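One chain, chain A, appears in both complexes that follow, with chain B as partner in the first and chain C in the second.
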Partner chain A sequence: MDLLLQLLLEALLLGTFYAFLSLGFSLTWGVLNILNLAYGSLVVLGSYLAYSLFNAVGVDPIVSLPISFAVGFGLGLLLQASFVNRVIKLEPFMVLILTFGLDILISHTLNYFFKADIRSIDVPYAEGSLVVGNLIVSKVKLLVFILSLLFTFLLFVFLKFTWTGRAIRAVALDVEGARLVGISPERVFALTMGIGTGIAFLSGNLYGILQGFTPFDGGFLTVKAFLVSVLGGLGRVESALLGGLFLGTMEIFVSFYAGESWKLFASLVLMILVLIFRPRGLMGGKYYGEA
Partner chain B sequence: MRVFLFLIAFVFSLSFSQEVLRLGAAVSFSGKYAKEGELLKRGYELWKERVNAKGGIKVGNKRYKVEIIYYDDRSDPKTTAKLVEKLITQDKVRFILGPYGSAQVFAAAGVVEKYRALMVQGGGASSKIYRQGYRHVFGVFNIAPDYGKNLIDLAVSLKPRPKTVAIIYEKDIFSEDAARGALEEAKKKGLKVVLFEGYPKGTQDLSSLMLKIRMKRPDVVIGAGHFKDSVLVIKQLKQFRINPKFVGLTVGPPVPAFVKALGKDAEYVFGPVQWSKAFRYKDPLFGSTEGFVKAYRERYGEDPEYHAAGGTAAALALQIAIERAGSLEVDKVRKELLSMKVETFYGVIGFDETGKIVTKPMAVIQIQGGKPVTVYPFREAEPVYPKPEWK
Partner chain C sequence: MARLEKVIFIFFAVLAVLPLLLPDWPYWGRVLSSALMLSSLALAQNVLLGYTGYPAFGGIAFFGIGGYTTAILMKSYSVPFLPSLLVGGMVAGFTALIIAPPLMRLKSHYFAITTLALQLALGEVVANLEFTGGTDGINLPIYRGPFEGYFFHFMFLFLALISFLINLWVDRSVFGYALKAIREDEVAAESVGVNTVLFKSFSFGISSFLTGLVGGVYAYWITYIDPTSMFDPLLSVKTFVALLLGGVGTTIGPLLGAFLLEMVSEIVWSGLTEVHGIILGLLIVLGILLVPRGILGVR
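== the complex of A and B ==
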């Protein structure tokens, strides 16, 4: 019984982080209708930004969170203006190729500067753990959980209650309709790309606190983001949360009972099953527009 | 240019009345293994200087002065192979001193075998080197399973005797080998193995393994992995408040970076080493292990560690075989290597038919006061056991 609780707790902590990690990916997917294959690498870029800030300037990785978001937001706007805008009107294939290339470019550039060594951000205050009865929670996981939950909530509020958020949802639902009521889809696209990349950087920052990372972690992070988006469906923030928890739970239980090596295998099997039987995800909304 | 160099070499060789035996080594002086390569070279050089000071290698009635030709393999196995080929075909070297690193040794071994030269190496510990059926490659490093075996041997010699053990390993050739060594020895010594599980390469979160260890409460935890894994295992053991009586890691603890990365948490962790200056053996060239340590200290101003010692030991084994054979023919020297069982500063050197050393123990160190000290089988200090709880 204790064991089950412990595993569920781990799943909750991990799943919430996965949910937040995937939000940037599913947002750009839902609104711009592009699959950003460089997403994982952007996350890793965020980890290295936080790592560099911590080691070179001494900025605490919690303090660096807003910086991460700001830099990611800026980079997102830049990417949108200089690359994505040029190919988005062509066939969707072009965006895939573009982001795939971007992924290779980012990971190898990071490898050039930081080498393939595993890096980690070691904050002394998060090393220990809390013990409640027979349960044990590492402080760093708890910290990342709380922050992920907070940011997810903020995004939820932003999309639901602000004018800009509504504009984003409107564009996601119907570009032409949004244009008719005076929303500029181009600006919304740029903004969404900015927020998406900002989220990538934020979660990269958290990822760096959570565990060690290398320049080549991007690939499997993209897979996770994709999985969560597919599992939950692209509907709402809540569906990302559901997808994240589902993935987290599965990973924790599979790696405990079958072994760490089966984790990725199980995730991919799960994804195939969901795509066959519930192609719109477990919750199944259409994009971010439907409330 | 080459003709010119050759002429110079020719004139020089005439100017010496004594004959010269040329050995060759492709070692890493740049790249990832530059540091280890430099240490290995120091080991070779110390041996060479000592031998030449004593008048050279005795072959039959003649004495040969030793020269070693070095090339830089830039830490790249492909380059190692090319350079060893060059040493054998162009420089006409028949006896090769090994490179550093299992992959480099492996690459060199194929070439040595192809040309029927002879290599003695103190730079590669993978058991793969000895599974190719090579007849001309000998190594003085204990192979991977011994890493795990020695940790278990030490653990069961301590009081109160541990009863249960958990073994976790990274899934790569070396670590899996080392973990199996521990597993087999644990079974043989009657320890109950409560967990034996691998994790994929590059895993950065061992939570599910830690939960299992926490549940099983083993007396001994053995972690087989590389440096980063070792640091991770210690961090997460502490994070999950798992307090085994004995923590042993195959790779990591002897390296200064280990203490640097973990600080106080590195205390009392055990780790195996190929050789340590605490060994107490007699030696034909240096008198004893102490003599070797002293000679090294005088020459380089610091204490030797196992990379340099491995180099000296490899060269020494070759020297003894040549002198016993009384010949510079590869086949005769090889035969002497196969039948040798000789005490040196490095331990007793003797090889099995595949060419790997089988007579030497490994040592186990423990981090005490921020420094690795040898606790087994020779004792620089008493091992601290059971390990105190994390603070």
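== the complex of A and C ==
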């Protein structure tokens, strides 16, 4: 019983992080209709940014969170300005190849500068674990969980209650309709790309705190983001939470009962099955705007 | 078009006598084998993407299946190479044929992503199983026999020729017309009596059979295979870049693209292994942005 509770707790902590991680991916997918295969590499880029800030300048990895978001936001705008506008007219499949090329470019550039060694960011005040009853909670995981939940909540409030958030949801639902009521889809696209990449960098910062990373972690992070997005459907922030928790639970239980090496396999099989049988996700909604 | 296709046959003939003419053959043999291998892979994908309209981004899954089947038969059951290779290709082809009906309900990037997930999942299975050698991989025997040093050049040349002939056939046959009808409008094709499930499954099967054969020859050529090299997403993307660069849905485009990509990469970065990936990534991004319609500019 204690074992089961412990595993469920781990799943909750991990799943919430996955939910937040996937939000940038599902947001750009839902609004711009871009499946960004470079998303995982953007996350890793965020990890290396936080790592460099910590080691070179001594910036605390919690203090670097706003910097990560800002840099990611800027990079998102840059990506948008440089080629996303041209890409959006291409066939979706070409976009896949293009973003895959971007993924190769980013991961190999990181590998060139940082080499393939596993790096990690240590948070001195979050070492060790708490013991609650019979449960053990690592402080680092708890910290990442709380921050992920906070950021997810902030995004939820932003999308739900601000005018800008409403504009984003409106464009996701119907570009022409949004244009009719005076929203500029181009500005919304740029903003979404900025927020999406900002979230990638933020979660990269958290990922660096949570565990060690290498330049080539991007691939399976993209798989996770994709899986959470299709599991929940590109519905709402809430459905990302559902998808994240589902993935977290599955990973924890598969790792525990079948072994760490089957974890990715289980995710991939689940992804194939969901795509074939429930391509609109378990929750149904296709776009952010759909109720 | 027809004249260009004749040129391709002459090109194949030249490649067949080239081993006698080129100095430094071990080097050029390796370069040409790589180019011919990529050509075969691109031609195989062309049957599916170019004529049927389904992008199997994870088509390299069948490269892995073919390669591993060939390797396991040769290593664990001491079957000679050619029968092993044929079985490898057939296992790949039949696997595709069986999974096609449910898988091909998906279209465009959903199909692409699902096949990519399949490729990665197979890589994970192979890495976790005992009889596939796990992450340690499999060592194959080294080829000893007639035409040593030329054998793999001729094997890859033969595969590229077969793939090219199949593309020619698909381009002109009734079978090909059915595939093109599916590519243009699947519902319309269905309504004029094309059994779309059957035809697109066969298209997937043929493409995967060829891909499996290439995987088998590659395994024997390289003599050591492991899950990372046989189910490599980089090879998938290279195949599609070659195909898109040359021109999708043409018989000569894939060959053109593959040779161009392989030659350019050989000349530009053979000495720069450190930045290999960076240049490949840049090449893909710039290629898609600057020539999204391919050199031949169709579709």
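Before moving on, here are some points about what is shown:
Keep in mind that, in the parts below, the second predicted complex is superposed on the first by the 291 of 291 C-alpha atoms of A that agree within 3 Å, B and C clash if a C-alpha of one lies under 4 Å from a C-alpha of the other, contacts with A are read in each partner's own complex, and residues count from 1 in each chain.
Rule of thumb we're sticking to: contacts are C-beta pairs under 8 Å (C-beta built on N, C-alpha and C of every residue); 3 or more make two chains touch, one makes a residue touch a chain.
Since we're looking at a predicted model, the values are computed, not measured.
With chain A as the common reference, chain B sits beside chain C without any clash. In the superposition on chain A, A:Phe114 makes contact with neither chain B nor chain C. Of the two partner chains placed around the shared chain by superposition, chain C is the only one that A:Glu91 touches, whereas chain B remains out of contact. In the superposed model, A:Ser261 makes contact with both chain B and chain C. Once the two complexes are overlaid on the shared chain, A:Val223 sits against chain C while remaining clear of chain B. Using the contact criterion defined above for the overlaid structures, shared-chain residue A:Gln211 touches chain B, although it does not reach chain C. Once the two complexes are laid over each other on the shared chain, residue contacts for A:Leu275 go to chain C alone; chain B is not touched. Of note, the Cα-centre angle with chain A at its vertex and chain B and chain C at its ends comes out at 70 degrees, rounded to the nearest 10. Of the two partner chains placed around the shared chain by superposition, neither chain B nor chain C is touched by A:Phe156.
One of chain B and chain C touches more residues of chain A, and that partner is C. Of the two partner chains, chain B is the only one that A:Gln6 touches; chain C does not reach it. Note on the superposed arrangement: chain B and chain C approach each other to a least C-alpha distance of 7 Å. Applying the stated touch rule to the two superposed structures, the overlap between the chain B and chain C interfaces on chain A comprises residues 261. Considering their complex, residues 3, 6-7, 10, 117-118, 120, 127-129, 131, 136, 138, 210-214, 252, 255-256, 259-261 of chain A touch chain B.
Chain A contributes residues 35, 83, 86-87, 90-98, 100-109, 111-112, 219, 223, 226, 261-262, 264-265, 268-269, 271-272, 275-276, 279 to its touches with chain C in the complex. Residues of chain B touching chain A in their complex: 171, 197-200, 202-209, 211-212, 214-215, 228, 232, 235, 238-241.
Across the complex, chain C meets chain A through its residues 55, 57, 102-103, 105-106, 108-110, 112-114, 117-118, 120-121, 124-125, 127-128, 233-234, 237, 240-241, 244, 274-278, 280-285, 287-289, 292.
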